[in-house]
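Heads up, the next two complexes both have chain A, just with different partners, chain B and then chain C.
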Partner chain A sequence: MADETTANPWDTGDGSMPEYDRFNVVNKSPRRVDALKLALGKGTFTDDEVPAGMLHVKMLWSPHAHARIVSIDTSEAEKMPGVQCILHCNNVSRVPHTTAGQGFPEPSPWDALCFDDKVRFVGDRVCAVAAETEADALRAIATIKVEYEVLPAILTVEDAVAPGAVQIHEHPEPTGISKPEQNLACTLDASVGDVEAGFAASDLVIERTYRIGYAQQSPIEPHIAITWLDEDDRLTVRVATQVPFHSRRILAQVLEIPVARIRVIKPRIGGGFGVKQEVLVEDVPALVTLRTGRPARWCLTREEELVSARTRHPSKLTMKAGVMKDGTLQALSMEVLGNSGAYGAHALTVVSCTGGKALPLYKAPNYRFDARVAYTNLPVGGAFRGYGAPQGFYGVEILMDEIAHELGIDPIALREKNMIGSGDDNPLAVALGEGGEGFPQRIRSCGLPECITIGREAIGWERRGSFDKTGTKRRGIGMVALMQGSGIPGVDMASAFLKLNDDGSLNLLVGATDIGTGSDTILSQIAAEELGVQLEDIIIYSADTDLTPFDTGAYASSTTYISGQSVKKAAAGVKRQIIAAAAEIWKCEADELVAADKAVRHPDGRALSYGDICRSTLYHHNQHQIMDHASHMSYECPPPFAAHFCEVEVDVETGEIKVLDYVAAVDCGVAIHPTAAEGQTEGGVQMGLGYALTERYCFDEKGAMQNASFADYKIFSALDMPDMKAVLVPTYEPTGPFGAKSVSEIPINGPAPLLSNAIFDAIGVRFREAPITPEMIWRALRERG
Partner chain B sequence: MIQFEATVNGRPVRWDIPAGEFLTETLRSHGLIGTKRGCESGDCGACAVLLDGVEVNSCVLLAAQASGHDIVTIEGIGDARAPHPIQEAFVDAGAVQCGFCTPGMVVATHALLADNAAPTRDDARHALAGHLCRCTGYVKCLDAVELAAERTAAAKGGA
Partner chain C sequence: MRANVPQYDVVAPPTLAEALALMAREPGVWTPLAGGTDLMVLFEAGKLPPGRYLSIWGLPELAGIQVTADAVTLGALTTYGEIRANATVQADLPMLVRAARETGAIAIQNRGTIGGNIANASPAADSPPALVAYDAALTLISAAGTRTTAFRGFHTGYKRMDLRPGELVQSVRVLRRPAADGWVHFYKKVGTRAFQAISKVGFAGCAQVVDGVAREVRIGLASVAPTVLVAAHTEAALEGARVADPGLEARAAQAMVRDVTAIDDIRSTARYRSQVAANLAAAFVRALRERG
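Our next item is the complex of A and B:
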């Protein structure tokens, strides 16, 4: 077992910058270990290997937003050609669980069944058919007769929590629902100090309500799982997942078979962004395989992905702040009414991050956070990059701009006056952790001031206020400040295993799940740096529940910070063993020896390569395998920081919004792979711009989504994407591997509030609802006259 | 079943396929798995291939319509022993994240550079416009197109 207290040779201890030129592999941008095979089309995604004799699953989805299933008649379908297995509420066990794909026990309510006798949104599961071909399955589905007792549908959160509202989860089995009779999946409150006293002592009290809608993660590879029985009759599941180990545990629960009988394999994943944390498509093909003995595949169509997978929780935020004339914050409160849709996956933890990630960016002596997340008969919320923080920053960062406007203070100056910084304690960390009380957090590294300085210069902030306001095209500039976290403190855990090979190369086995983030490369870089070898010497494999050690999975911006540290510890252990073996060969003291450049050197000039040492230990001298493993978890959760700036042009005749320039400056500590960190930032901004401007769910009066295709649910294309600049602002996080913090989620927090701020600067109209469409602008300008 | 006869990646093929099958499925079921399924409605471009040198979305093209034509998939553009400079450029520019949309983008870049050896950034934007990517923000993909063009020009200039 590796030593937990391995000293970090670059740890400056006080957050100051280390000597970067001492890094050999990290903080550089080598070719990603998997990039070439992917560019060649050789990367093996779930659907790229098909077992012989595989059945295809298709689902009959609910056409009703809320209904009881009175009867299901599958008699005709059973006789259809190719049909092998039909699953529905009358032939599948009722096992309450959550699909949320979290650690155990999950903070999400166990309110889902594989198949229920009730449907709760248009697109809920009714009946699955497995057949020889997808076409056979679809033909069979068309013959299934379902009798529904249609119930009143609840299509807004306000209706959901109104007295006398029909109850969406009234069955006795679910557990963990906060107030099922009030349609509340969860409630949460936290406070520090006394906000009412803070408001009373303030020169200005400002209260605003903000609303932000549905959005979908939209990985280009949709959800897919392929299942089969291996020669030992064990269930093998190859699945596009962010959480192979949670998937295995939840499948065992749902299928009522032992964990030991299940193997989950994560192949290449075509993007996740949170939606593949959901254990959503494994159970049905697994049931088919267990019942028929045959391999089975279930792949969602794009329409199914948009309607029936998971989304970002729409939220209504009531923000209230008390400030002094000079801009000093006295009190800050946030009230959230969230929409979880038909099931409560991630409701509690997402909403806790809405407050917990966004409020502490600004220091106030008094805070209040009050959240309710309601069930509705609409698509289901889930994990989505940012995990509640985008909603929170939507409220906080527009409010800051509104305060600055009211007080006549520069928006940057207002933020600089109040923002958290290095050495500060996160004032809400204990009162509001993820889903409940948390752990104390002190900020040890913070590059936010530099991010703001760089961003204001790059965008040309001094031009703000000097644009011509008479033409049809009006320009404006805005900014936002942001933070996030690095892993879930006290919850996330990762482990790694390393072994040395005959030629000095090493196998690195991790449970960490590369879903396109680049973690296979980053973790290999960390191992190579610690061991003193090249990136090419590390052979990484991730992730497979039979072969790799545990990792909670790719979520909560945890992989670099948590999994990276487990790899670093395991590598340090292997390095110590390599040196010890050399000392034994040379009959000298280990502390005389130095390991670097894939060799151990004696002060007298002798050297043994890692390969020499490995061959000696494998075949000759004190025979053993040099190998080590390590686990890591953390009670610390260092936030990355960022400042985003943009310039927009609004056409006051058409309402068209053009983002002319965008600058995202981010402090992610030491970037292990700077190009990958920039890529995360650029991709996060792109996704955030869609959330800000184009991505929305349109429902008909019965709650059916009307725009479930990439033609109508508009994510940004290369033509829509503005020129942008991602700037990495280096700091050194002493608790992270080689000074690293997270980078993947923080960028998506920026664009939605930023566009409201920049558009306000351009046309003087404040939008408190996103996405902001040209029609909204056009109407608002006409109303203003 | 119908007979599908075409040139695929430079080799003549004759396959029996179900009538009504789309070209993506035909290619994938014959081992050409680099052509991806992202939407099956012609919106995302992950399934792009070259049909007589022209980029098409194979998910909305009936295989029967492609019969008799010259088809190039991502596998025909380069392989591990001889990656195409466009593939190398996507790798070197950091344009590959999850990699699911990458084959389609490489195909699109191939089609662009065949027509336009010195594309502007705007040309590159238009060439990639039909290729949805949710990871990269397209910045490094556009860099990759420019890098591929530069390298191709340099190679020709040096020849």
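Our next item is the complex of A and C:
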């Protein structure tokens, strides 16, 4: 099969824009393929179909941050009405694994068991009860007596790595923990050039420490899995997941049964944002089903989702930069101390993105990155939109503002002087890939300068510095520049299968996982564009491990870029077969023929519809099914770029922060579905504003979360949103399907550093900790006097 | 975890008389359920005590807004949505509209009632500070008859109030305070985010400024004490004061620090609440001065 990435007919070869009007289906915003069924309530989510005789699982969670389980007495619970199965550390195999749904072998430590004889945070698993109803299960749980030996709890990363700290993972089974005796889940360092020499040669060396806290992905639909045995006694798992194939593999591992005995079905998903890249709830109902033969369901409550699911890794960043008086960057270093909580899910790869995604935005001859991620007795970090990059950009983008302020340079000018651009090599790509050494990356498309120009104009940057500073309400303007990646180079792989039907419609089967992102629509658009059919001619199905080919899953901003390319390749293959079949019918050369508008045309004016050709191949001439499949993996990981600007108003009497105006200009290459790309941008900014301003985990002195509900944990709501403008800045990425790059993660990198920068402009106080609350503003203003 | 439905009895009498008779027969047994916007949150979280609930939502005797030349009477079942939509309330009692707008979101405003907000007795609720500032009068009704009491002082402690067993809030009466007569209304809610957030500090102040002198100064606050707070020291500091007096802001702020008894909780800290309340008292003085 020819390499479609090089044979791309839209590739102008020099990164310039192709003729847009040649697109028929992509770069347009048709109604989403699942819109109608979702609007009508017909879309089937995991919980929408209930198998007969289903049991309900509830969990007894640890009340202690750190304790050994001395004994569990379930004798009373076993006799309670409705109780069918009880699971705990004394009756479930100890199989070390990671809940992180990543490629095999996972780069996360295998430090988790289904049930351990130790609990490591308030909200860790102790004992599961499956009963006829949730109420029965809860009543039974209330009778379970657990004796704990309470251990000292480690509630800060500094305490975790202090000499003599109690060890959180001391059991012999786990593998892949970097330094268990020092409570370090992972360590990672990378360096280019010599930063110390770079600092020595600089006019100004600036060092700052930044801290950013916990946040939860908060999908509308919490984690849920329903399991049953099919007619062949195979375990079937319908689950709200971003990673059906990783789910199947990890489930086979922990259940100690063959992959062949498991089928994972991904129905409609109510959002994931990374938290469903975790194989978190499948094992318990699966064990119940295997032991009882009955279907079982486990659905987390919102409180359980906030406490016991996964979160963003809180991070402390020590940033140091050396610059010349004119703003030229000489050296840039980042030291990260991350908090992975009780388990090390995604610890290494998240922190590698903290450095690897954020540092290379600015070119310097010398870099150093030094990261440690520690275990604590607090909620567990995981994958979360941005995947470490939001923490990295928090450090890098505030630091750039601080440098600009120290040097008396306009923050935009400083960035423009140093930022990476088209034709540049990513200076850190080889030294710091995902979790270790990576692949070289050249920037082939970069719209960052245009993003900045558009944002600066839209926000009215020239007003900066001219606001009244005497009233009770002070205004300020800030900006940040951002990038991300598109998939994990050398790791992410996707595949697609397409077959032609009697009427010229096509079934498209993909492992790519639409979790509400719109990828079913986008992949259908790509197939339709390549084949020369309408969107309505594509019947897409995703994803089911029995029916669809493999895909690593919906994460790392990979679906459009990686899965999209596999669809495009498969579609090109089918198109070639259609043309070949027509050539056979007409007994002519294939290269004389043109396929478009769902028909093949001969230069003499004859035409055969795709339906005619399919019926011919199914029933008459050279009978065969026109179908093709393709896989795609990329060593390239083209970054999308963005510039965010906002205007804030700070009330100096109450400390309240109002975001008045927000502009996000993004270069995601050719947007396959511009409305969806704008939606991703708006949604990412909204989520990022919560991270910047309102979302906070409050713990008591024993490590228990105090605000585990949406009444007290405040995500940014639609009503809180400022006037927001999302602007797509088109470029053409030659390695992407129809020029596309990713768009889903990059927007969340912006708000947290941006708010620090804009608030500094408003009141002259620099915040190096997020979220920034009214209390912090008030305290800082009081201290300043 | 959602509560178990069979553990709850809900009765919905067709008339107010029957509801009151039921409460009189079994005093203390029945918990009134109006719009349900507080109780259903607890229910959904599995934290509503199982027991007997008396739905009064449909009782016409408790519904509606009555307007006379000098007063507005809100039936206990008046929703926030109805308050927001009423032209007289908008014109003469704007802080009730502000409070209604700050309460929850649209769906909650269509169910939540002023009577329920009063009887729920939350120190963080949005309407009570405005009712303090407007010196509202409550009419309470039981099988034995009605009585009238001042809203100021109705709440006696955390979730405690002067409501006897068998009694329901029937209505709230507030005198109209047209701007043309010199009335100044100052309402401010400080919360975590713009909407659907419980306040860190809520402030409502009202006074009549005539010839540069403040009269009838009334100030209520939310979230700075175990109950909705009557800022008596601050009111006294401002009553009869010349609004142009340059020292007035500082005196109001000092008095406010004496008034509040805030605590630390997950939403904020005592020191922040106390200072912000003092700043808002000063801002109220500036609002009075603009009028004077």
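The definition used in the following text is that the second predicted complex is superposed on the first by the 779 of 785 C-alpha atoms of A that agree within 3 Å, B and C clash if a C-alpha of one lies under 4 Å from a C-alpha of the other, contacts with A are read in each partner's own complex, and residues count from 1 in each chain.
As a working rule, contacts are C-beta pairs under 8 Å (C-beta built on N, C-alpha and C of every residue); 3 or more make two chains touch, one makes a residue touch a chain.
For clarity, every value in this text was computed on a predicted model and none was experimentally measured.
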item: Chain B versus chain C as contact partner of A:515, first or second or both or neither; value: first
item: Partner chain in contact with A:693 - chain B first, chain C second, else both or neither; value: second
item: Which of chain B and chain C A:257 touches, first, second, both or neither; value: neither
item: Touching partner for A:138 - first (chain B), second (chain C), both, neither; value: second
item: Touched partner set for A:301, first chain B, second chain C, both or neither; value: both
item: Chain B versus chain C as contact partner of A:95, first or second or both or neither; value: neither
item: Which superposed partner A:41 touches (first chain B, second chain C, both, neither); value: first
item: Which of chain B and chain C A:717 touches, first, second, both or neither; value: both
item: Contacts of A:218 with chain B and chain C, given as first, second, both or neither; value: first
item: Chain B versus chain C, judged by how many residues of chain A each one touches; value: B
item: Residues of chain A at both interfaces, chain B in one complex, chain C in the other; value: 301, 709, 711, 716-717, 719
item: Chain B partner contacts - residues on chain A that touch it in the complex; value: 29, 31-32, 34-45, 47-48, 217-222, 268-271, 273, 299, 301-302, 515-518, 675-676, 678-679, 681-687, 709-711, 715-719, 721, 724, 726
item: Of chain A, residues touching chain C in the complex; value: 58, 134-135, 138, 301, 303, 472, 653-656, 693-694, 698, 706-707, 709, 711-712, 714, 716-717, 719-720, 773-775, 778-779, 782
item: Contact set on chain B toward chain A in their complex; value: 28, 32-41, 43-44, 46, 73-75, 78-80, 83, 87-88, 90-92, 94, 96-103, 106, 124-126, 128-142
item: Chain C - residues contacting chain A, complex; value: 1, 4, 41, 45, 105, 188, 190, 192-198, 200-201, 266-269, 272, 275-276, 279-280, 282-283
